[in-house]
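Structures given as structure tokens follow.
First subunit A sits with subunit B, and in the next complex the same chain sits with subunit C.
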Partner chain A sequence: MAGPPEKRPTVVRDALHTAALALLLVPATVQAADSEAGDKIDLTWLQYGEQSRTRIAEPVVRFTHLMPDGQSFSAQLGIDIITGASPTGALPSGQVQTHTTPSGRVVTSPPGQIPTAPFQDHRLSLDADWKRPLGRLVITTLGGHVSREKDYQSLGANGEVSVDVWHRMMTLTAGGSINHDSVFPVGGTPAGLSDGTILHSSANAKRVGNIFFGASRILSRKWMAGVTGSRTFESGYLTEPYKLVSVMNDNGQPISELTDKRPSIRNRTSLLFSSVYHLTDDVLYNSYRYYTDSWKVRSHTLEIRYRHQLDTDTYIEPLLRFYTQSAASFYTVGLHDGAPLPDFASSDYRLGRLQTITLGATYGFAFDDNPGNWVVRAEYIRQAGDSSPPGAVGIQRGFDLAPPVNIYAIVVGYTFKY
Partner chain B sequence: MASPCSVLVDTDERDEAEALLAIAEMEVRRIEEKFSRYRRGNVVDGINRSDGVPVEVDPETALLIEYAAACYRMSGGMFDITSGALRRVWKFDGSSRVPGPTAVRECLRHVGWQRVEWTNPVLTLPRGMEIDLGGIGKEYAVDRAAARISERTRSSFVVNFGGDLYVSGTRRGGRTWGVGIDDPDRAGESALIRLDVTSGGIATSGDARRFVTWRGKRLGHILNPRTGWPIEGAPRSVTVAGPTCIEAGTLSTLAYLQGSGARSYLEQQAVQFWIV
Partner chain C sequence: MKRTVARLLTVLGLLLLIAGCTTVKPWDRDLLAQKRMSFNPTPMLQAIDEHIYFSKEASMGGIGVGGGGCGCN
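Entry: the complex of A and B
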């Protein structure tokens, strides 16, 4: 129903401005193009490498089918090929150290260097989602996910509803996901904080649930801003079975190693603020993310991107990102011989203090005589931890316990509509 | 658009100016063909001949109807796209013919947005009623044409359709565009007021071109959907500046609909305006 007229408001200027924005913001011709049905294929190749550590190659193919009524169905297949070496968590010593990996390989680490263990794995993942508009203002999305690697399997489902409100000036989004994962370490699961000889062979369950709520609002013809809050609940086996914690004597000399052990519950909370500002042709993106969890890891991420349009199909988009993280409550450089064992302990650098700075750029282009659009993105990441953390004693003070790591990531993507 | 249209571009490149004019012309023709109530077979014609059957409209039409519905609410029912039915009896040809009370009463039975069922994107218009987007169509075309031109150029420009216009920004060298407000009695001859405009929309409502004279009073073509009669006591012309042409145009119409209260209405809105 059109409804009865309201009592005349005295000042209508702002309400009128809102109504005019709703009318003029959507380009008339873009709407027509959006409703066109068709298929789209996205091909991307990610190459990621940490200096003398992990290397990942990840080809992904995504197929999207758009239907004339606005529904879309998409499926994505990805393969990760992971090789290289990763720090075990153990401390360096003045001598050559040897470790036996879960698969039985013996690895030696030179004196004074952080022990690493080589690994090789590949992961296969399949994702699918179905997006469906309900009327003109509501969009629902349902999705599923399955992935498998040598010692890990993940099964998940997710759903999302977004609603345009207030003359389409604001979009509210709510959604959630559930994952049921299994961890089955090669050679069996070691007991936590043990010497690794007590093993059990059954798979370990890990359950993950996530809910999020977001709102984005058009503030002016040029500016849009949004906020998204998210809660994630993890329970089950959250330990990294191959990570180690050194036990050191008063002089800092590692004398033995214990397995890593983490709490079986982790509740994560994050809050993301984002802004998109349109200049005449260019676009400025800003975002800030605050993250905290029940392991007392807190992080801040600040990202700035600027998209400079060179012509219709060509743009360049530099990126700058800062990330800083505090250590988990049970993170430790190493345990002291003779002291009582804590409930949980991990020396995984990813749970320690960490700062990264990322410099990157994306270049988008198309060839005149070929269909489709190309994207090339390159990022350089410098990661730094605590080189001499407060827990380091004796000879450990002489070692750089977190030498800066240089990381690169290159993505090549091609999108083709037909 | 049944009125003179022009595009001014601050450039030395003739090719650029011509290309931009062509873009504007294409957009205006598209909008006119799609929304003019005088054209057969377009969306407005489809709605007006729907005979009470629900019609699903395309997204652009839905946005315009949403806008019109918002204006209806904001004006307390005075801005009404269904008041077009009254045009069957009112002819604003400068003569002194006015319709009789019975004819007006009969027409008013077919006027009133509150009788229309609008559930985006489906519109159900009762039999005998009609909609007319003419009250916002010209300003909409100005803003749309301006948006299309902005996609193609960084030069400053003005889109002017029959006095409703949009200015994109300052000209080279920091100069402004000069806009004149006509003397209502000598339309197109001399400017009463000259404005220096840097950016935004300017629109005018008034009786300069279409009116009837009745009992010595000049009645403009803007009708009161409640009485079925032209608004009385309104200024000769109301010009308003706004961020977009459609906002300027709607505010000038809403002010005009207040009749003798036009000035105080605009003062309350805290917008720039010029009343003649």
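Entry: the complex of A and C
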């Protein structure tokens, strides 16, 4: 008769592994458990849903080949299956509204409700990267990306180098990426702030470049902290071609709709502070990000996670995230009939004042008779905008212009080495 | 104002990083060697979250390079 699985050898092996890594002088940026040679497969499945809006299923598989000299090659394939509806940006009305989508579908919105448009799409993405140590103190990473969806294509490359300094008490990292994206809206590219007049049916270029610098250091036997500064430069077609801006009369009644129009340049800056603290068995993760961009969006993000270790392979990790942003300079709830058109305008709620709160937890575990590790993460995300923004006039003051968006996201992941 | 805040935060970050001259000896790094002491011990879950927030908020960045463009925002 088979007895209970023997776990002791695993514990001893893990302890020896950890001790060996410690003697190898752990850099401030831990590279620990992936340093063993072999192959590894990661599988994740995301199930995402917004109440009465978008639903996404996203399976991802990642293969990593780990070599004895510390090099690793990874390839990742992901598929997004997206269905549902998203707000058009138009204002609600006291009457039934109809709207024709770019694909020719006529959509009806009930009185007083935010107009939404149904959509469906598939996104296929392929990522690859090559990590290579140069000596004992330097690690370089090169990567590439390609993704394709119905109306968007992205081609990208990225690189990163990290150097351990000061007896490996500190790790300095620098990196960057470039993306050459193309936007080809269904039905053609509409002129900005027009009634939907199609300009052309060819692709619109969008360029994205990013650079970042980071430093992390060991503060004590139990504490590591880091700071990363990042600049992102975007240019080209940055408009959301399917979003609309309502034109309303003095009473707030929407009388027509114009297309969205955004500036063709956007420069983003972010600064991220991170801390990891070991509390004997458990680990506390904190981060704060400050973000600002040339569209005058400014945001603050605070995240706290607490990993409670139940045994060697089992843990539970609650998380809390709070995010708040200011509105973009050209964000408006709607335009006024007869007033001169602005250079840019968007009613996309994601560019308005917004707060997001996330509550979630990750549970990690392993089966005794199975070589891999499992994780299950469940998150509840609630977004709230400005329900009665200053630009709302007349009947719009009686509507909730930013009803809370309730979102759930569940991820199941499995990792095994062989 | 924006630059002032960014510079201030940068200085605070640098102060944090150089604060104290304590050196943790190699044989005292057993806890730091654990994978869970990484800033991002579950990168695939982190990438999924970043993708969600990128599609639902106006901000991005700070986590590092990698991943790619998306028409979701």
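In the analysis below, the second predicted complex is superposed on the first by the 382 of 418 C-alpha atoms of A that agree within 3 Å, B and C clash if a C-alpha of one lies under 4 Å from a C-alpha of the other, contacts with A are read in each partner's own complex, and residues count from 1 in each chain.
The definition used in the following text is that a residue touches a chain if its C-beta (ideal position, glycine included) is under 8 Å from a C-beta of that chain, and two chains touch if they have at least 3 such contacts.
These numbers come from a predicted model, not from an experiment.
Novice: Between subunit B (first) and subunit C (second), which does A:159 come into contact with in this model arrangement: first, second, both, or neither?
Specialist: Touch status of A:159: second partner only.
Novice: When the two structures are overlaid on chain A, which partner does A:136 contact: first (subunit B), second (subunit C), both, or neither?
Specialist: Once the two structures are laid over each other on A, A:136 reaches subunit B alone.
Novice: Which holds for A:345: it touches subunit B only (first), subunit C only (second), both, or neither?
Specialist: neither
Novice: State whether A:377 touches subunit B only (first), subunit C only (second), both chains, or neither.
Specialist: Touch partner of A:377: subunit C, not subunit B.
Novice: May I ask you to decide whether A:66 touches subunit B, subunit C, both, or neither, giving the answer as first, second, both or neither?
Specialist: neither
Novice: May I ask you to name which of subunit B and subunit C touches more residues of subunit A?
Specialist: Partner touching more subunit A residues in the overlay: C.
Novice: Mind working out whether A:271 is in touch with subunit B, subunit C, both or neither, as first, second, both or neither?
Specialist: second
Novice: Where does A:401 make contact in the superposed view: on subunit B (first), on subunit C (second), on both, or on neither?
Specialist: Neither partner.
Novice: Check subunit A for residues that touch subunit B in one structure and subunit C in the other, and list them.
Specialist: After superposing on chain A, subunit A residues 19, 22-24, 26, 167, 221 contact both subunit B and subunit C.
Novice: Which bits of subunit A are touching subunit C when the two form their complex?
Specialist: So the residues of subunit A in touch with subunit C come to 18-19, 21-26, 29-30, 32-34, 42, 44, 46, 48, 58, 60, 62, 123, 125, 127, 129, 143, 145-147, 149, 151-152, 154-156, 158-160, 167, 169-170, 175-177, 179, 181, 183, 206, 208, 210, 212, 214-222, 224-230, 232, 240, 268-274, 276, 278, 283, 285, 289-293, 295, 297-299, 301, 307, 309, 315, 323, 325, 328, 350-351, 354, 356, 362, 375, 377, 379, 381, 383, 405, 407, 409, 411, 413.
Novice: Using the touch definition up top, name the residues of subunit A that touch subunit B in the complex.
Specialist: The touching residues are 1-13, 15-17, 19-20, 22-24, 26-28, 31, 35, 135-137, 167, 221, 280.
Novice: For a test of understanding, state which residues of subunit B touch subunit A in their complex under the given definition.
Specialist: 58-60, 62-64, 66-67, 69-77, 113-118, 120-121, 140, 143-144, 147, 150, 154, 242-244, 246-247, 250-251, 254, 268-271
Novice: Within the complex, which stretch of subunit C touches subunit A?
Specialist: The contact residues of subunit C facing subunit A are 2, 5-6, 9-10, 13-14, 16-17, 19-20, 22-24, 26-39, 42, 44-45, 48-49, 52-53, 56-71, 73.
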